[in-house]
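Two complexes follow with chain A in common, the first pairing it with chain B and the second with chain C.
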Partner chain A sequence: MKHALPSEELARDERFVRNSFMARAADPRVTAMPAEKRNQRMPLSPDRADGPDAARALMHGIFTGEIQALEGAGRTCWDFPIGDGPDEAPFELKLDMARQCWDEARHCEISVKLGDWMGTEIGEFAESTFLYDAACNPDPVLRLTGVNRALEGLAIDVFNTMREFAEKSGDPLLGYCEDWMLADEVTHVKMGSDWLRRLTADDPDRRARALEFQKVVDKLFSIGGARGEEDDSPIRLARRFRELAGFRTEEIDEIAELSLQSRRELDSYREHAAAKQAAAAAGEA
Partner chain B sequence: MSDPKKPRAAFAPWDRREIPGAFTVEESARRVGNYKWIESRLFEVLGGWVATVPELDVKMRLGTHCYHHAWHAELWHKRLPELREMNPDRLTQPANDGIVAFVDAMTEPEAPELTIEKLVGVYRVLIPHKIAAYTYHLNNTSTITDAPTIRSLTFILQDEFEDWRDGEMLIQSLIESPADVERAAAHQASLEKLMVAAGGITGPGSIGTVPAPEAVTA
Partner chain C sequence: MAASVSPESFTMVLFDQPAIVAEVERIAALVGVPSGEEVRVVVDEAVPVARAHLASVDPLVLEVEGGAFEDPRHPRQLSEAAVADTVGRLLLQALDRRSAAFGEVPADVDIPLAHRVAWDVYAVGRLQRLGLDGQRQRRIYGFRNRHGFTDVADEAFARLWDGTDLTWADITRLSDDALAARTG
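Now for the complex of A and B:
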C-alpha cells in the first residue's frame, strides 16, 4: 500500500457525491441572486424557516467530516515510519493518532445515528474533501497542526453550534451527542498543541512553518466566513472551548480575523462568478 | 473475630500458581519485542486501510481496531524495560525475515475492491496466529514471576477474540458467491504459507518447542 493517499482516492460507496467548495460557491442558483441575498448569512437557529434543513445539512457535513478525520488520523498511523526524523513520526504520536481513529470512528457512528434521528439519508448532501486535504501534508508536524489544531478546532466550533441549536430546539438527544463529541475534540486539539510544542521545541523554523500552515488551513476552514464571530455567522467561534483546548486569546482573535478575510473573499468570488455567468448568458442571447 | 496471631499459608488452598515457567527473562523479552513489532505493523496498516475501504461499517471497525492494536503495542513497549531491556527499540524487531515477508504481503492490498483480501489477511491469518502465540505464552509462563506479562496477555487476548469475531463476521457478510469464497480461500492460503514459513509471529516455537526449561531455576 502506498504512502500519502490523495483525496480523490478516498473510498466511498455509491451513495456519496462529491462537490468542491469552489463549485458550490459558483453555483448558478446562488450567483443568480441579487448581491444582498447572495451574500446573506444567518445563524443556525430553529426560528429560521429553513432551520431544520440547515441543521440536517450541517449534520451531514459533520458526518462526512468525521469520516475524513478518521481517514486522516489513520493515514498518519501508516504514512510515516516510526522515528524522530523530519519525515518520521514518534511511536507515541502514532499511538495518539490510533486513539484518535477510535474516537473519530465513534463520531461517525454517532453522526449516522443522528442523521437518522434528524431524517437525513447518507448522500443526501454533497461531500467536500477539503478537510482530508489538510491531512495530506508530508511533514508530520504540519499535518498534526492542520488536523488537530485547525480541523479539530473547527469541529469544536461546529459541535458547540449544534449543541446550542439542540438546546434552542429542545432536542436532548442531539445535545447529548454533541456534548460528548465536543469533549473528544477538545482532547484532540490539546493533543495537537502538545505535539506541536514537543516536536518543534528545538526547531523554531519548523514551528513557524507549522503555524503558517495552520493559518492557511484555518482560513480555508472558515468556509467563506460561515465560521466566525459576526452576528450572522452560521457557525460561531467557540471561544470558551477553544481556551479549554489550549488556544490563546490572540490565536482565537487571529482565527476571527481570518474568517472575516475569508468572508470578503467569498463574496468577491461570487460577485466575479455572477458577472461572468451574466456575460456568458448575454453572449448566448 | 479472627485471630491475628494464627499463621496462614502464603498461598490459599485454591491458589495453584506455580514457579517456574517456560521462559527466561531474556526469552520473554524477545517474545515481547516481537509482539510489539507485529502489533505496531498491524495498527499502522489498519489505520492506512481506513481510507481505502468503501464499506462504511468496515471503515469504522478498522478505525476502532486500529486503536486496540496500538494499545497492545503500548503495553508491550512499557513491559520491555521491566524485562531488563532499557532500550525498547533494540528488541522491537520482527522474529525473522519470514514474518517481514508475511506482513509485506498482508499489507499489499490497497484498491477499494479488495476489502475481502484486507480482512482475510488480518482476521483469518494474523489474528488467529497472534491468539495462538499469546495463549501459548499465557499457559507456559510462570504465574508468579511473570504476572505482569500475564495481566497484559489477558487484556490483549480479550481484545483479540472480540476483534477476531468482528472481522470474521464482516468477512462472512462480504462473501456472497462461490467466486468470493475462492478468492478469500486463495488469499488465506497464500498468506498462511508465508506464516508457516515464518514459524508464527515469534518465529519457530511461537506455539511450542520452546527452549528447554533447565535454564530456569525454581
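Now for the complex of A and C:
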C-alpha cells in the first residue's frame, strides 16, 4: 500500500463527483454578480427561504468531510513508522488515530442517515477534497495540526452551526446527532493539542513550524470568511467548544482574525476583478 | 406551445438555450398550459443562486436566477431536472392563480414563508404524479422546518402532497393548523 496518498487517488464510487477550488475560483459569476449580491453572506437559518436546502448541502459537505477525516487519520496510522524521530509517530499516537478512525467511520454512517432524513442522496452535491489535502504533510506533527486542530476545529464550528440550526427549526434528530458528533470532535481536537505539546516539548522550532502551518490551514478553512465571528458568517466560530477542546483564548482570537483577513481578501479580490471586467467591457464598447 | 428563453446564448454558464426551450415546452404541455400560449423565461446567468419567481401570469413570464437551473454536482452546467422542477412548480402556481375556483392569492411578496412552502408542496406533489422526481423527502424536510416536526405537520404535508383541487384557503388552513400545533 502506498504511503502519502494524494487526494486524486482517494477511492470513491461512481456516485461521487469532485470539484476543485480552482474551478470555483475560475467561475466568472463570482465577479459578474451585481455589486449588492457579490459579497453577500447569510447565517444558516431556517428563516432563510433556502435555509433547509442550504442545510442539506452543508450536511453533504459534512459527510464528505467525515470521509476525508477518516482517510486523514487512517493515513497517519499507516504513513509513518513507529518511533520518536522526526519522520516517525509514537505507537500511542497511532492508537489515538485508530480510535479517531472509528469515530469518523461512525460519523460517516450518521451523516448518511441524516442525509436520508433531510432528503439528500449521496453524491447529490460535488465533493471538494481540500480537507484531505491539508492532511498530507510529510511531518507527522504538522499533519496532526492540519487534521486534529485545523480540520477538526472547523468540524467543531460546523457541527455547532448545524446544532443551532436544528434548535431553531426544532429538528430533534439533527440536533441530537450533531451534539454527539460535536462531543467527539472536541475530543479529537484535544488529542491534537495534547500530542502537539508532547511531540514538540523539546523542539520549539518544530512547534513554531507546526503552529505556522496550522495558521495557513486555518486561513484556508475560513473559506473566504464563510467561517467567522461576523453577524453574517454562515458558519460561526464556536468559541466555547474550542475552549473545551484545549484552544487558548488568544488562539481563538487569532483564528477569528485570520477569518476576517480571509473575508477581506476575498471581497477585495472580487471588487478588483469586477472593476477590471467592467473596464474591459467599457473598452470593448 | 411555444417557449422563449433569454438570453439566447450564455457566456458565464454552460447552458444550452435550445435544451432549456425544449424542456420548458415539454413541462408546459405536461402541466396543462393551453396550447398556443407562449411561456417566456428570463434567466439571470450572473447569479449562482437558486431563486425563481413568476413575474407575470398573463402573459406567462418566469424570472430565474441561474443557480435554479444549475447541476449542484457540476457547477455552471445545466440540469434538465432542475429546469423541470423550477418551471413546473411556477407554471402550476400560475395556473392556480388564473383559476377562479382556486381563489384569490396575495401578491408573492405578501405571502408568508410557511404558506409559500405549503403551496410549493402542493405544486411539487402534482409534478410527481405527472412523472417528475419531486424529491418527497427533501420537500417534507423543508415543510417540517417551517411547520414543526410534529404529526400534525406530517399529516398536513401528506394532504398537500397528495392533494387535488385544493384551494388557496385549503392550503393556508393546512399550513396554519400545522403552525398552531408547533407552537401550541
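Note that the second predicted complex is superposed on the first by the 260 of 285 C-alpha atoms of A that agree within 3 Å, B and C clash if a C-alpha of one lies under 4 Å from a C-alpha of the other, contacts with A are read in each partner's own complex, and residues count from 1 in each chain.
By our rule, a residue touches a chain if its C-beta (ideal position, glycine included) is under 8 Å from a C-beta of that chain, and two chains touch if they have at least 3 such contacts.
Since we're looking at a predicted model, the values are computed, not measured.
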Combined model on chain A where chain B meets chain C, clash or fit: fit
Touched partner set for A:Ala282, first chain B, second chain C, both or neither: neither
Partner chain in contact with A:Lys37 - chain B first, chain C second, else both or neither: second
Minimum C-alpha separation between chain B and chain C after superposing on chain A, in Å: 18
Chain A residues touching chain C - in the complex, by the definition given at the top: 17, 19, 23-24, 27-29, 32-34, 37, 46-47, 49-53, 56-57, 116-120, 123-126, 169-172
Of chain B, residues touching chain A in the complex: 40, 43-56, 59-64, 66-71, 73-74, 77, 107-110, 112
Residue ranges of chain C in contact with chain A within the complex: 11-13, 45-51, 66, 72-76, 113, 116, 135-142, 144-146, 148-149, 182
Touch list for chain A against partner chain B, complex: 1-2, 5, 9-13, 67, 70-71, 73-79, 82, 91, 94-95, 97-99, 101-102, 104-106, 108-109, 112, 122, 132
